[in-house]
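Next, two complexes with subunit A in common: one pairs it with subunit B, the other with subunit C.
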Partner chain A sequence: MGKLWLICIASISILLPFLCNAFSPETPTDRRVLVLLDDFAIMSSHSLYFNALKSRGFDLEFKLADDPKIALQRYGQYLYDALILFCPSVERFGGSIDVAAIVNFVDSGHDLIVAADVNASDLIREVGTECGVDFDEDPSAMVIDHIGYAVSGTEGDHTLIASDDFIKSDVILGGKKIEAPILFRGIGHAVSPANSLVLKVLSASPSAYSANPKSKLSTPPPLTGSAISLVSIVQARNNARLLITGSLSMFSNRFFRSGVQKAGSQIKHEKSGNEQFLTEISKWIFHERGHLKAVNVKHHRVGETDEPALYRINDELEYAVEIYEWSGTSWEPYVANDVQLQFYMMSPYVLKTLSSDKKGLYSTSFKVPDVYGVFQFKVEHQKLGYTSLSLSKQIPVRPYRHNEYERFIPAAYPYYGAAFSMMAGFFIFSFAHLYSK
Partner chain B sequence: MATMPASASDLFKSFKLKTKQQELLIRVSILCLVYILAFITRLFSVLRYESMIHEFDPYFNYRTTLYLTENGFYDFWNWFDYESWYPLGRIVGGTLYPGLMVTAVLIYRILRFLRFAVHIREVCVLTAPFFASNTTLVAYFFGKEIWDSGAGLVAAILIAICPGYISRSVAGSYDNEGVAIFALLFTFYVFVKAVNTGSLAWSLASAFGYFYMVSAWGGYVFIINLIPLYVLVLLITGRYSMRLYVAYNCMYILGMLLAMQIRFVGFQHVQSGEHMAAMGVFFLMQVFYFLDWVKHMLSDTKLFQAFLRITVTCAVAVGGIALGLGMVSGYISPWTGRFYSLLDPTYAKDHIPIIASVSEHQPTAWSSFMFDFHILLFLFPAGLYFCFKRLSDATIFIVMYGLTSMYFAGVMVRLILVATPAVCLISAIAVSATVKNLTVLLRSKNKVVQTGSTKGSGGSKSSSKALLDQSQPFQKNGAIALLFGAFYLLSRYATHCTWVTSEAYSSPSIVLAARGAHGNRVIFDDYREAYFWLRQNTPQDAKVMSWWDYGYQITAMGNRTVIVDNNTWNNTHIATVGRAMSSYEDEAIEIIRSLDVDYVLVVFGGVTGYSSDDINKFLWMVRIGGGVFPVIKEPDYLVNGEYRVDKGAAPKMLNCLMYKLCYYRFGEMLTEYGKPPGYDRARGVEIGNKDVKLEHLEEAFTTSNWIVRIYRVKPPNNRW
Partner chain C sequence: MPTNLNFEMARSLVGFTVLLLFLSICESASFFQPISDSHRSAAVELFSPDHGSLKSLEETYEALRTFDVLGIEKKPDVTATACRLVSETVGSSSSTLKNVFYALKANSIVKCKINDKAYQGIITRLNAAVDGASSLPDFYYSVGGLVLVKGSKGDVHLADADGIFRSVKAFRQSDGRWRSSSSNPESSAFAAGIALETLAGVVSLASPELDQSLISTLNNDISKLFDSIEKYDDGALYFDDKLVDGHDHQGPLATTSSVVRGLTAFAAVTDERLNIPSNKILGLANFFLGIGVPGDAKDLFNQIDSLACLESNRVSIPLILSLPSTVLSVTKEDLLQVNVNTVLGSNAPPLTVKLVGVFTSGSKAASLVESQELVFDDGTGMYNLKNLPKSIDVGSYTFVFEIVLHELEHEKIYITGGQKKVPIFVSGLIKIENAEIAVLDSDLGSIETQKKLDLAGQNAVSLSANHLQKLRVSFKLTTPHGLAFKPHQALLKLRHESKVEHIFVVGNSGKQFEIVLNFLGLVEKFFYLSGRYDIELAVGDAVMENSLLLAIGHIELDLPEPPEKATRPPPQPVDPYSRYGPKAEITHIFRAPEKRPPKELSLAFLGLTFLPLLGFLIGLLLLGVNLKNFPSNAVPATFATLFHVSIGAVLSLYVLFWLKLDLFQTLKLLGFLGVILVLVGHRVLSHLASTSAKLKSA
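Moving on, here comes the complex of A and B:
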C-alpha cells in the first residue's frame, strides 16, 4: 500500500499544474480552518454548525476579527487551509489580514466562507466584490418576501424568508434531497454579470425584493426577484472554493433547530433545511466532494507501449487517462460518460468521447488526421460542481519521411514502362544507327 | 602581348624564363594575391566584433547546418521543425535550398578529415569569403573567355573588392547568396564556354553548375530565364549554330532533371510560369533545327517558304494552345508575386505588402548604386561600348547579362548583388581595353621614333597607330596622362571599397555599435542578451510571439518556439500576429491565447535611437494584418496621413498593443538631457501616452538598453 501511495504521489507531482494544487493534492480536504468572529458569543450561538465541522475532523481555530495577532501566513507558508468570516460588522481586520491578503489566500488555492449580514461593513462588501458578488448598497436593506416568507409566531415584516430555490446539483448539495425550505434573514446580493465563475446556490423567490423594512419604499428596489442571490458559490480557476451569503443567522443554532412553514404552504416541517443545506455545502466547499484528479495520462501507437516523441500523419494511436474523485477519505473511480478528448491544433481535429471501464480508466483510440503540425491532447472536463479538469499535452505530428511513401504504386507503372522502353529504344536505335551501314 | 619593358625582362631573364612563362608566372601570382585579398578584405567583421553569424536569415541557415552536422543528411532532408510557425510547423527539409548547408558541412567534414578541430560555426562564418575568393577565379576565366586574359585579371581584381558583392559575403554573412553568386557566375561561364566550343562536356558542366545554383538560391530563376533569352536573341540575330543547339539542349534537359531533385523546386521546374520561357525556347530550338534540316533537304526556296509559314504557324498555335490549356487547367501555375514585382516594381506595393515591407526589396536609390559600384558605374557603359565593338556570342551574353541584371538591380536593392559580376566583367573589359590601347600606343610610338621604318611585331594594328601618331603630336603625353588618370581612378576605387567594407558592410546587425559622447565606440549587445535570457529563463516549450523579423534569431539563439519567422510562407499567420500587435490589449489577448503564446517580444529603439525598431515597422504590421483582417484599417493609426507617436497621434495608435508594449514604463524615463521624460530618441518626439497600463501582460525582461523588451502573458484571472 505504501508503495502505491508513493507512486500516486509521484504521478500527482507530475500532473501538479493540471490539478488543484491547493493543499496537499493527495488529500484535498481542508484540515486547518481559521474562523474570524465579531465576538465570541457566536461560538455558542452557532455551535451546531461548528460542531458539525469539528466532528468531520476539521481543526477550527476561533479568533476575533480585530485580534492584532491573527495572520494567514507565517514565513511564506499558509497556516490555514480555509477561512470562515463570520464577522459581518468588522471594519478592519487585526494583524496582517486585509482584503488583499484574503484574495491572495484564495488565489493560492484556499477556501473561504463569507457570511455578511444587515449592516455589513465595507470591508466585507469589498471581499464580496472581489469574489464576484455585489451586496445591496443600502446598508440596512434586507431581503423581503411578502409571499415566500416563513410563517412564524409573531407576524413580522416578512424579512425571515423561507426559500427552496436550490441549484440543481447533487455534487454541491449532496445526494439527499433537501425537503425543508431554508430560513434566511439578511442582506441580498446579486452575482456580477462579468464574472462567469460565480453561481447562485440558493436564490430568492420571484416575489422577493431588497429594501429597508423600516422605511417606506419610495424608489423601486435595486434588487428584485430571483436575481437576488441568498447564497452564492465560486469555484476559482485554481479550484479554490468560496461561499458567500448575506445572512449570518442562517448558520445559527436557532435557525437550525426551528421548524419552518412556508407561507401559503400547508406542510409544516419540524426542522428547517438549514442544517442539511449548510452541512452539505460545507462538504463541497472543503473539498470533501466533487474533487477530481487525473493521473497516468498515456498515449502511444496502437500495438506499442512507449510514448513517442512525435506522431506521423495517419498513425493509429491510443490515449488513456485515469480519473478519480475524492470522497472525503479516499480516491474513488470517477464514473461519467461525457469525458471528451480533443486532438487540437487551433481547433479540434478529432473530438472523441472517452470510454470508461467504470474503474476510473478512460481510453479511446483514433487515427491521427492527415495534417501535420503541433497538436495537443486536450481533456477539458468542466462539469457543474466538480473541479475543472484541464489536461493538455503537446505532441507534434510530422509528415511522411521520404522513404515512407508507397514505393510501387500501380499508377506509376506506365511511367516505369515508358522510361524503360525509352532506354531500350535508345539503345537499339544507337546500335542500328552506328552499325547499319 | 608584346615584350616586357627592358629592366623587368632583364630580371626575368636571370630566372631563365621564356616570355610566355614569365607572363604565366605574373598571372598566377596576381591571381593568388587576388584570391587572398578577396578573402581577407571580408574579415573586417571578425576583427571588429567576433566570429559570429550576422543578421536574420543566416541564423536559420546556421541552425539548419548545425542540425545537418548533428543528425545527418536524411534527418535533415526529412526535418519537420515544430519550433517555428507554431502550431503549424514547417517542413524545413522541403522548403529550403540545401546547397549552402551541404557545402558548409562538406567543408567541415573535409577539415575534420584533415584533423583540423574546427567548430561548424567557424566554417559557416568563413564560407562566404571562401566562395568570394573562388568567384574571383571564375571571373578571371570568364573574362578571359569573353575578352582576353588581361580583362580576366582586371575582372578578378574588381570583383574581389566590389562593395556590391562584399555586402552579401563578409565573414559571418552566412547566406545563400554567398555561395550562389559563385554558382551563378560559374554556370554562366561554363555555358558561354559551351556555346563557344560546342562541346557536350562543357554543356554538361554548365548543367551541373546550374544544379548547384538551384540547390543554393532561389535566384536560379534568373539563369533559367536569361539563358533562354540569350538563345532567343542569338536565334533572332541569325547567330544560330550547332554549338548553340548542343549547349542549350544539353544544359536545359540535364539541368532541369537535376533541378527537379531539389525538393523545394521539384515539379515547379516544369509547371510554374517562371520556367515556361526556357521550355518554350527549347521547343523553338527544335523547330529551328527541323527547319534547318528541311531547308537543307529542300532545294526549292519557294517550297521552303511555304513550308516555313505552315510550320511556324503550327508551332506557335500548338505552343499557344498548350500554354493556354496549361494555365486554364491550373497545371501551369501563374507567376509568383515576387516575380511579378520584379517585372512591375509597383506590383508589390499594391498587392503583397509582405514583399514590399522588406527593406532589401525596395527600389534602389541612386546613391546606393554609387555606393556599391563607385567607378564601375562609369566604366560599365564604356565596357558596353567595347563589347558592341567586338560583338561575338560571348560578348552578346555578357551584354545581356549586364543589361538585364542592371534593370533588376534598379527594381530591388538586393539584386545589385546579381548585377555586380556583370558590371565588374564589363568594366574590366573597359579598363583592360583602354589600358592596353594606351600602352600599345606608348610603346609603338617609341618604336616608330627609334626604328623609323620597321613597324615592329604589332602588325597592322600598330601600323595604324603609327599613322595616327603622326597626325597627333601630343598623343604620347596624352596617353601617359590618361594612364595616370586610370590608375588614379582605380586606386580611388580600391580605397572606396575598403572604406565601405570596413564601415558599412561589416556590421553584424545583431550587435549594434554607435559612437559615444566622447567619440568612443559603444556596443549594444541587447539582442543576444534577450535571446540568452529567453534560453535560460523560460520553459523549454514556451512560445514567443514577435514580429516575423526576429523569428529566426529567437529559434536559433533563444531555442524557443516562435509563431512566425523570416520564412514568410504563411501570410495569414503573419497577418494574425500583425493583427494582435495592432489591436487593443483585450482584443489582442484573445488572439494571443488562441495561439498559446507565453511571451511577447518587441524591439524598441526609443532609448538608444535605434531606428529599425518595431514602432517604425508598425505600419507594415497594420498593412499586412489589414490585408487579411479588414477590421484593421491603416487610417485608424494615422493622423491626416501622417504617422506619429506623440500627443497628436491617433487614439487607436496610442492604445494598441504594440504601442503599449514598446512604451510601457517609458513615460517616466529620461533619455536625453534637456528633454522631458518619455522622449523617444528614435523618432525625436515626446511620446503621447505616458501612462501605459497593462492588464493581461506583464513585463518579464527588458535588456540593458531597452532594445528588446519581453512580456509574459498572464494566466486568466483566478476568480473571474
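Moving on, here comes the complex of A and C:
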C-alpha cells in the first residue's frame, strides 16, 4: 500500500511540469518561461532583468534560438507558460518552433516578450507583424531624436534616446511614478490604427524620426514623431499578453545601471528608469497585475435570498458579483467605481454602475422593466490594462398572471355599485312580485 | 556526415550571432574604458551577504578577491564570516578538497590565524590527494592548495614533481586543449586553463628544479591553444568551448578567464619568454573590458580576477587608451582629453600620446591636421589637446592616436596596440538665418504673402492658400566656421485638423534650404482635405547643439471637392483612453399608469348608483306592496323561504366572486345553488300558480 502511494506521488511529480498551462485563475503560480537567446552572453549582460524575474518565482529556461532541441509543446501539452524572444538576429528558430508555433502559443493564452534590435531578422519582424506592430522596414534604421536624446560623453549620434512619454495607466506601469526617463536604442515600430488591442506604452517624442543615422535622408522617414512606438503591449482577446520593443539593449545591465540626463534638462538621474519600467511592465505581462476574476454572481428579489428561476415585470431585484485581482501571490479585492451591469435583451434596458464595498463585492438593485422576454444580466468590464471581464447570465421575465392585477379599482366602484344595487333591487322585487296582493 | 555538417553550420551561425550581438551591446563604446567606479559599486551590491552570495567558501573567496583587486575596503563582517568559514574548513578533516582549496585561497587574502598543527594536517592531506589524484580538478585543488600553503608557511615541496607533471600532462590533447579526466573524451580550453595553473603550481613546488625540456614543450601547447582563439570585429579576443552537450558548458567569459589565469600563472613561474603575440593579450583585455559591468557575481569575479592577472602578467601588460568624452563642443571650447591607463585604471609608465590624424567619417580624404603631441596635464593625469585645430568644424570625425613609450625597456613589458581610431563628434551652435515662409502665385511665381520667421523664438504665422498657389519655406544654415551645414533631419510637417500628416524633406543648395510645395500637384496626396493645416519644422543633427522642432503656425488650405474615386484618408489611431471607460447609465422608462378619476369622484358616483334602488323602494312603499300572498301552509312557506334564501345565496356568491373567489370556484358553487334554486323555485312557483288559478276560478 505504502509503495503504491510512493509510485503515485512520484508519477504526479514527474507529470507535473508537463501539465502547466496558460495563466488560469486556478493555478496562477509556478510559471515556466522559455528564454530564447542569440548568444549565452546575454544571460550575463542582461542578468539584472533575468534575476528580477527569477526573484519573483519564475523558472527561466535559457536556450539558444537555433538550438535544434527546443520545442514549445510536447504531446499536445505546452511546456512553458511564457516565451521571451531575446534573439533579434535569428533567421530561423531551431527545433519545431516557427512563427506559426509562436502564434499558436499566444492563441492558447500564453504570454510573449519580443525584443528586436537594429538589423533585426525578417523572422523577428514577422513575429512583430503577427503581434500587430510594424517595425521600420529599413534594416539599418534606428530611432533618432536630436532633441530628446540622452546626454552622454561617449554617444554622439543621438540614437540613445531618453524617453518619458508613458501610457497613463497605473495597472500597466505600477502605482509608483517613473521619475527617470527610459534609455532606448533600437528600432521604432508603428501600431496599426485599426488594431484596438495594441497599446503604445512608451512613445517617442515629437522630434524623433526613424532613419539610418549614417546615410543622408532623401525621402521622408516612414515613422516620425510620437507615432513611433518604442514599447508596445498587446492584450489579446484570450487575455494573453505580449510586449514588443525594438531595443534589446534597454533590458541590459548597462542601461539598467546607467545614469540618465535628458538633453535640455538640468536634472541628472542617478539611474535610468529602465529597471523600474521593465520590471513593472513584466509584472503586467505575467499577469501579476490587472488580471481580474469574477466569482459568486448572485441575484434575487429584494427581501429574498434564493435565486429565482424567472422574474416578473416590475419586480425589485438585487444583483451582486465579487471581483478580485491577481497580485502575483493572492487574489486581492478589486477596487473600482466603473463596473457596470446591463439588463439586456437585444439592447440594454437598464445600465447601472455597481457600487463597491471596497472588499471586492459589487452590488446594485433595480426594478425589472415592464417588458417581458428573455433577458441577460451582463457585466462587460473593459478597462485600460485590465483583462476584460465578460459575464452574462440569462433570465426570463414574465408578465403579470391574471390574478396579479389590481382587484379593487376605485374608479370602477360606480359600476360595481350599479350591479349590486340592481341585484338588491331584484331580490326585493322578487318578494314584491310574488307575494304582493 | 549530415549531422556533423549541421553542427558545423550551427556553430558558425552561433559564432556569427554572438558577434552581431556583442557588437550591438558595445557598439556605443567602440573603444574600451578601464575598470571604473561603476564596477566598484556593482561589486559592493553583488557581493553582499543579503544578496544571497557568500554562502559557500568559493563565493566568499570570489568576493574577497574582487574587493581586494578593486581596492574596496573589506567589510568587517565579511572578513569575520570568511575567517570563521576558513577555520572550520581547515580544522575539519571531513571537508572536501575543493573547500580546503578555497579556504586557503580566501585565507591568502584575509590572513586568518591558522595554527601550525592544522597546517601540518592539511599538508599531509594535500600530499596524499596529489598522489591519489586521477582527474584534472583533483590535481588542481591539491597542487593549488599546496602552493597556497607554501605562500604562507614556506616549507612545502613536492617530492615527485616530474611524475606529477607528466601525469597532469597526460590529459593534454594535440590541439592544445585539455581533458578534465581520462574518462571524459571532451577536451576544452577551460580545462587547459586549469591545467596550466596546476602545472605552474607543480613547477613552483618542485624542490629540485624541473627538467626545462618539459616546460618548453608546454610552451608549444600554449601557442596551439592560442590558435583556436576567437575574434570579435572590434578586436576583442576570447576562448569558447563549443560542446555538443551544453551540460557543463562554461560560457566564453569563464573559459577565457580560466585560460588567462593559467597563462599568467605559468608565465610567472617559467624563465622562458612565452611565445604569444602581445596583441593577443590586448585582445583578451579588450574582451574583458568590453563586457562592461556584469550583473552576476561570478561573471564580475571572472572579469576582475582576469584583468588583475593581466595587469601584472609577465607576457605583456596592456595599456588602454580611453577618452572621457567623445562629444566635443566647439562653442563651449571643450578640451580633447585622452587617458592612458592599465586595465584596472592605474597609471601608465611615462609615455607620449600623439594625434596622428583626423579624418572626416565616411570619407577617404587626407588627414585634416598635422601629426602632433598631446600635452600631459599633471593635475588630471590626462593628455590634452589644447585647442581644436582650426580646420575642424562641426561634424563627425575619426581621430587617430598613437601611444609612444618613453623608455625602450617598457616596450617589451607593455603593449599599446598601435594606432587607435576613435570616432569623435564635434558639435556646435548652428546659425539659422533668413527664415521665411511665403505663399506664391503659381503662374507668375509672384509673392502673395511673405512672413519672416524667427526660428529661435515663437512663431504664429497664419496663412491661407488655394490649390493654385504654392507654399515656400526657406532658411539658411551656417556652421560656426561660416561653412554650409547639412543637417540629417530637415523636415517640414503639415498636419491637418483630422490628424492626417504629410512630411516633406527640405532640400538644400549650399547654405540655402528651401522647399516649395505646389498644392496643385499635392491635392491628391492631401486627400482633397481642405481646412487648417498646422506647419511644423524640424531641423536637427547629431552635431547641431540647437536642434529644433518648431510649430511655425498654420495655413488655411482651400482645395477642390474630391472626385468620387478619390482615395480616402487613412484611419487615424484612436485615443486609447477614450476607448474604455464607463458608459452612460440607462434607466428603463416604465409605461405610465392609466389616468384615473380621483377617488372622491368615484365614491360620489357610487352613491348616485344607489339612488335608483332608493327610488324603487319608495315607489314600492307608495304602491303599498305587501306580502299577503305568502303561502300560509307550512310546506309551501318553507319552500318559499328556501327559494329566497337561495336567491340571496346566489347574489351573495356574486359579491364573494367580486371580493375573493375566482370564476371556477364561483361556477362550482353556482351549479350547486342553481339546482336547489330550480327545484325550490319550481315548487314555489307552481304552488303560487295553482293558488292564483283557484282564486280566478273561484
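Miscellaneous remarks
Quick note on the criterion: the second predicted complex is superposed on the first by the 380 of 437 C-alpha atoms of A that agree within 3 Å, B and C clash if a C-alpha of one lies under 4 Å from a C-alpha of the other, contacts with A are read in each partner's own complex, and residues count from 1 in each chain.
The working rule: a residue touches a chain if its C-beta (ideal position, glycine included) is under 8 Å from a C-beta of that chain, and two chains touch if they have at least 3 such contacts.
Quick caveat, the model's predicted, so the values are computed rather than measured.
Of the two partner chains placed by superposition, only subunit B is touched by A:R398; subunit C is not. By the touch criterion defined above, A:D117 lies against subunit C but remains apart from subunit B after alignment on the C-alpha atoms of chain A. Contact with subunit C, but none with subunit B, is seen for A:S44 once the two complexes are overlaid on the shared chain. When both complexes are overlaid on chain A, the residue A:Q261 reaches neither subunit B nor subunit C.
When the two complexes are overlaid on their common chain A, residue A:S363 makes contact with neither subunit B nor subunit C. By the touch criterion defined above, A:P220 lies against subunit C but remains apart from subunit B after alignment on the C-alpha atoms of chain A. Comparing subunit B with subunit C, the partner in contact with more residues of subunit A is C. In the superposition on chain A, A:L197 makes contact with subunit B only, while subunit C stays out of contact range. According to the touch criterion, the shared surface of subunit A, contacted by subunit B in one complex and subunit C in the other, consists of residues 194, 196. Of all residues in subunit B, those touching subunit A in their complex are 74, 77-78, 80, 82, 86-89, 91, 541, 561, 594, 715-720. The residues of subunit A lying in touch with subunit C in their complex are 38-48, 51, 64-66, 68, 87-91, 94, 117-119, 144, 146-147, 152-158, 160, 167-168, 185, 191, 193-194, 196, 199-200, 206-207, 209, 211, 213-214, 216-221, 224-225, 227, 248-249, 252-254, 256-257, 314, 338, 340, 342-343, 348-353, 366-367, 369-371, 382-384, 403, 409-414, 416-432, 434-437.
Against subunit A, the residues of subunit C that register as touching in their complex are 6, 10, 13-14, 17-18, 20-22, 24-25, 28-29, 38, 42, 249, 251-253, 291-296, 299, 323-327, 362, 396, 423-425, 427, 486, 488-491, 493, 501, 503-505, 536, 538, 540-544, 547-549, 570-574, 576-577, 579-588, 590-591, 596-597, 599, 602-603, 605-610, 612-613, 616-617, 620, 625-630, 640, 644, 647-648, 651, 654-655, 658, 662, 684, 688.
The touching residues of subunit A, counted against subunit B in their complex, run 103, 106-107, 130-132, 194-197, 234, 236-238, 240, 242, 310, 345-346, 372-375, 394, 396, 398-399, 401-402.
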